[in-house]
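Presented sequentially are two complexes of chain A, the first with chain B as partner and the second with chain C.
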Partner chain A sequence: MEDQTKTDIRVGVFVCDCGSNIAGYLDMQALVDYAKTLPNVVHVQENLYTCSEGGINEIKNAIPKYNLTRVVVASCTPRTHEPLFMGACEEAGLNPYLFEMANIRDQCSWVHMKEKERGTERAKGQIGMAVAKAARLRELSRIQLGLTHRAVVIGGGISGMSAAMALGNMGYEVDLVEKSDRLGGLLNDLNLVLPAKEPPSNLVNDLAGRLNENPKVTVHTRSTVSKSEGYVGNFVVTINGDGEDKTVKTGVIIVAIGGRVLKPEGLFGYDGKMVVTQLDLEAMLKDGAPASKNVVMIQCVGSRCAERTYCSRICCMTAVKNAILLKEADPETKVTILYRDMQMYGVENEDMFRRSKELGVRYVTFDPASPPRVEDGKVLVHHLRMGREISIPADLVVLSTPVIAQEEAGDISTMLKVPVNENGFFLEGHVKLKPLDFATDGVYLCGNARFPSTIREAVSQGLGAAARAAIVLSKDALFTSGIVADINPDTCCGCLGCVDVCPYGAINYFEDRGVCQVNKVLCKGCGGDAPQRARRAVRGSTDSPTNRSTRRLSR
Partner chain B sequence: MASKEVLIIGGGIAGMQAALDLGDMGIRVHLVEKNPSIGGKMAMLDKTFPTNDCTI
Partner chain C sequence: MSNEQFEPTIIGFLCNWCAYAGADLAGVSRLQYPPNLRTIRTLCSATVGPHQILKAFQKGADGVFVGG
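== the complex of A and B ==
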């Protein structure tokens, strides 16, 4: 590659219509004409979709044709498209870090849909800034890392067991860490699983047996993960069991800590005897059907309310299943389900719902504004269609309570630096594009730790998380982005301002020298530390002092 | 030795994701789609909840 001195900067600008997303609201010709007037710009072109195969080829062709040393794309968000355009530059022989993007869609055309003239002026400004910044970019290279071809799975319920099994079968060493004394999680507390009316122990015992036989899988029961350091490919995890700490090196971590069922203390007279949860009923059914002849179930107890706004989704299926089992044990038993909305998604579940009605299970809808009242031997509920309160005899009341997050979810979230939502469930990297990955590389999630799931979903997610993790483990080496912060030890005053704001734990303070240093592997180049530079010691990979902040803000 | 190639029938969102993940593991994938372009139902949508991403 030729020498890229400041005098030899040749910028190519590609302005994207994004179909009508940009071209429908901005004057594209004006943007093209303006870009041609900018310093160092030698080539400008408009594309219908720069991200299409045709658009990418245009970039790849223009680089040698016009001898481009910088590429600027004015289009959508770098969050989704920067890697694609950087890849195109690299394929055409240009260092991918000599690429810059102007987000004239999310930050301009979508915002100024009714102001074509002023919006166009604004987009000109954004393109001008990107071109100016491009001129100051420097060549960077990716950082190559070795990795440990092992996995740690936290949680030995059905999703964690499935993940561990899949990775073990692929030939990777797996440490499966379970806090209780046996594998199986919530499944151990269930009675029978529909539609096959199978005891869940069949599934648990089969999987546990195969895990114990698999030479690649080490099962740690009565154990927890107490510490985790490092980064993708190179984590060091401390497993605490029987009062002893063991450290293991691992390439990936799967969070499969599951959930627990809410105990509805203080709700509907819950006492664990006459008023029980569905989970309590499962235990009763294991010992044979209860003698109760009038059973009333109440749905959405402690969920879809102000305190817990979400729908736990599996409680409807559980209630219908248990109603069927009660009816099949004794058709004379009266079972009434008081509900707000029934969630019976899926072919088999709808069939189950229909079967319950054929067996005579009664369904009464209630309004959360006037919820049912549990009194001695009866449940009173305002019947919406009859327009009055009815009394249903009840010698057993079953409350359908939601799956809630594990108590340790917060600690694990802090330890692994992965987020949880307001209810303590772990948040995936992207709801559609990365449903089983965390935003942190090398850490994955599955099962109830993510959201209440059926057994089928927990197993699928466990297998899926294992497959995602295997993408990392299948590599001989890893490459991380060259865009990282750097701290000048001569001007660093050791104020630790940058350490406080770094969300990735990427900055270490060296007390002996009184300066901070960036771990280039952990650093994501987010730029959060830039404003903290008391003496401008932290700088990004270009010499522009605001590079890192603008990069973050442009997303 | 078993062939390290995978055939995926259907180029909708599920088939595409499977193909990408397998490809990222270094496995050769043949993705077969009956229509002229991949994307399936997903490609017919504009924006999807809850993130309102442009689906295409």
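== the complex of A and C ==
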């Protein structure tokens, strides 16, 4: 081991009460006394809350005072609190990788609440192991990277436009890439937006006008992103427009490619004339209300079924909106909505639902096991409450079909190495904690590309994704974690097993030498390649496989 | 033979991404289990080799649990 000599190792142990979460179930004095007996330990301290400002300051004060070269905190779980304590060490001038944690709350006091004595014994064991491991820790350095303070937004719909506008206003150069000939996306195909009954073109033209005037934003229409290389802060993206390739450097990429509306070929006699989709109806309404006097709408066409199990969520609102517009145009028009469940969450949507009922829109539930049948001039449906089939006259049938993923979602997923779900929608890094980030740093998502969204949600997500991206762009330099994998070129057999499993594309194969090498910037130190390492050539940078309590494997 | 009931010491190697998180969740959920376990966080359960398992036994463990 090239560790520092024993005399250099001065361990400070901070034992946390966590209020009564730990102190209520374990013998704290016994833990403090035990820690004092451990090798290399020069300072032991009990804190009421080590993670509080007071506790953090005590760590920061003790490091210079006792000349500590290792810090151990015995408290909760490193999965939540390790970064905080590492930060405290760093601020006090100690390399943050010389920090170790003993989990005596989540994995001790909370699971042994009725066994104080034996629980305390376990906590002693955990602290003993942490102190032993701390002694073997080595300094690691974070890698500093420069970055390009620019953004690429893929998709010029309402969410992409919102993201580009926000970043442009923050002062960052933005390339907004739109595949069609104009900005606006799906909004261009809509008639009116409730509750203001506003044509969506107002919204689109306003935003597009401001984007075109913003000197920071470059709008590329009839363009696609055909290639992307690099990593957070340092991507190189190829934008293809008018048959020409242009490469731009960018720090972040926002995926806002939106979705499209399912065309229900072969369902309910869809023909685009007498049987249409809600999107077709929007186009008809743009030219004035259709002459139809008996309109029947069918919900959940092609969604919430075996093929597409998800609820598209926005089709109920669309149906209710269009039913209101038909009724307002001519109160004599009969509008019936056949539905399974109505999804009208939120204050305004519920008001809209109520208003439609006041106007006389009729709602009939159907059972997906016996779906409605569209016949010439009528729709037959099994009425659940009457217990028999009823016939509803219909000279226009409107099918509410879901928003589905864009065709190019798969290609973009492959290009940016970000995942899509079984329906082709992009998958965020964490459902609750990282809803607008991908697991891959520097790539973000918003709008229909993620999941069918209302305009309001798409705008919020666009603004949110821009804010997330600005966390990267606002920095002068980026630092990567010091915990990364390393491949020993002498033992690497070049089997490429690790390359196949790395979710971050961090491992490259060099044909000339027949070995793999880890890109330390891209590596997250997840350890996923470990099962693949045929000859144990890949190992964590501080891997010391000789002592069970000194293995420092995860950060 | 001693009259005391045999209490094994078990070393648990837990994968940071699943089993270790599961052990934390047991705590958050206040699920109670016997305190014979000593947990060690690993990067991935596959980083635990036969060497470490044997070493654990050598050092006095009565059982080794690899969770991942």
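Just so it is clear, the second predicted complex is superposed on the first by the 409 of 555 C-alpha atoms of A that agree within 3 Å, B and C clash if a C-alpha of one lies under 4 Å from a C-alpha of the other, contacts with A are read in each partner's own complex, and residues count from 1 in each chain.
The rule is short, and it goes like this: contacts are C-beta pairs under 8 Å (C-beta built on N, C-alpha and C of every residue); 3 or more make two chains touch, one makes a residue touch a chain.
Keep in mind that what you see is a predicted model, and the values were worked out from it rather than measured.
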Next item on the list: Compare chain B and chain C by how many residues of chain A each one touches, and report the one with more.
Entry: C
Next item on the list: Go through the superposed model and pick first if A:V431 touches only chain B, second if only chain C, both, or neither.
Entry: first
Check: Is A:E91 in contact with chain B, with chain C, with both, or with neither (first, second, both, neither)?
Finding: neither
Check: In the superposed arrangement, which partner chain does A:P78 touch: chain B (first), chain C (second), both, or neither?
Finding: second
Note to self: Looking at A:Q126, would you say it contacts chain B, chain C, both, or neither? Reply first, second, both or neither.
What the structure shows: second
Next item on the list: Tell me which partner A:W110 touches in the superposition: chain B (first), chain C (second), both or neither.
Entry: second
Note to self: Touch test for A:D27: chain B only (first), chain C only (second), both, or neither?
What the structure shows: neither
Margin query: In the overlaid three-chain picture, which partner chain does A:G528 touch, first (chain B) or second (chain C), both, or neither?
Written below: second
Check: After lining up the shared chain so the two structures overlap, which partner does A:R118 touch, if you call chain B first and chain C second: first, second, both or neither?
Finding: second
Checklist line | Interface residues of chain A shared between complexes with chain B and chain C | finding: none
Checklist line | List of chain A residues in touch with chain C within their complex | finding: 77-79, 103, 105-108, 110-115, 118-119, 121-122, 125-126, 129, 525-528, 530-531, 536, 539-540, 543, 545-549, 551, 553-554
Notebook entry, point to check: For chain A, which residues are in contact with chain B within the complex?
Noted result: 21, 76, 80, 430-433, 467-468, 470-471, 474-475
Notebook entry, point to check: Across the complex, what residues on chain C touch chain A?
Noted result: 11, 15-17, 20-21, 23-24, 26-28, 30-44, 46-47, 49, 51-52, 55-56, 59
Check: Tell me, which parts of chain B touch chain A in their complex?
Finding: 21, 24-26, 48, 50-51, 53-54
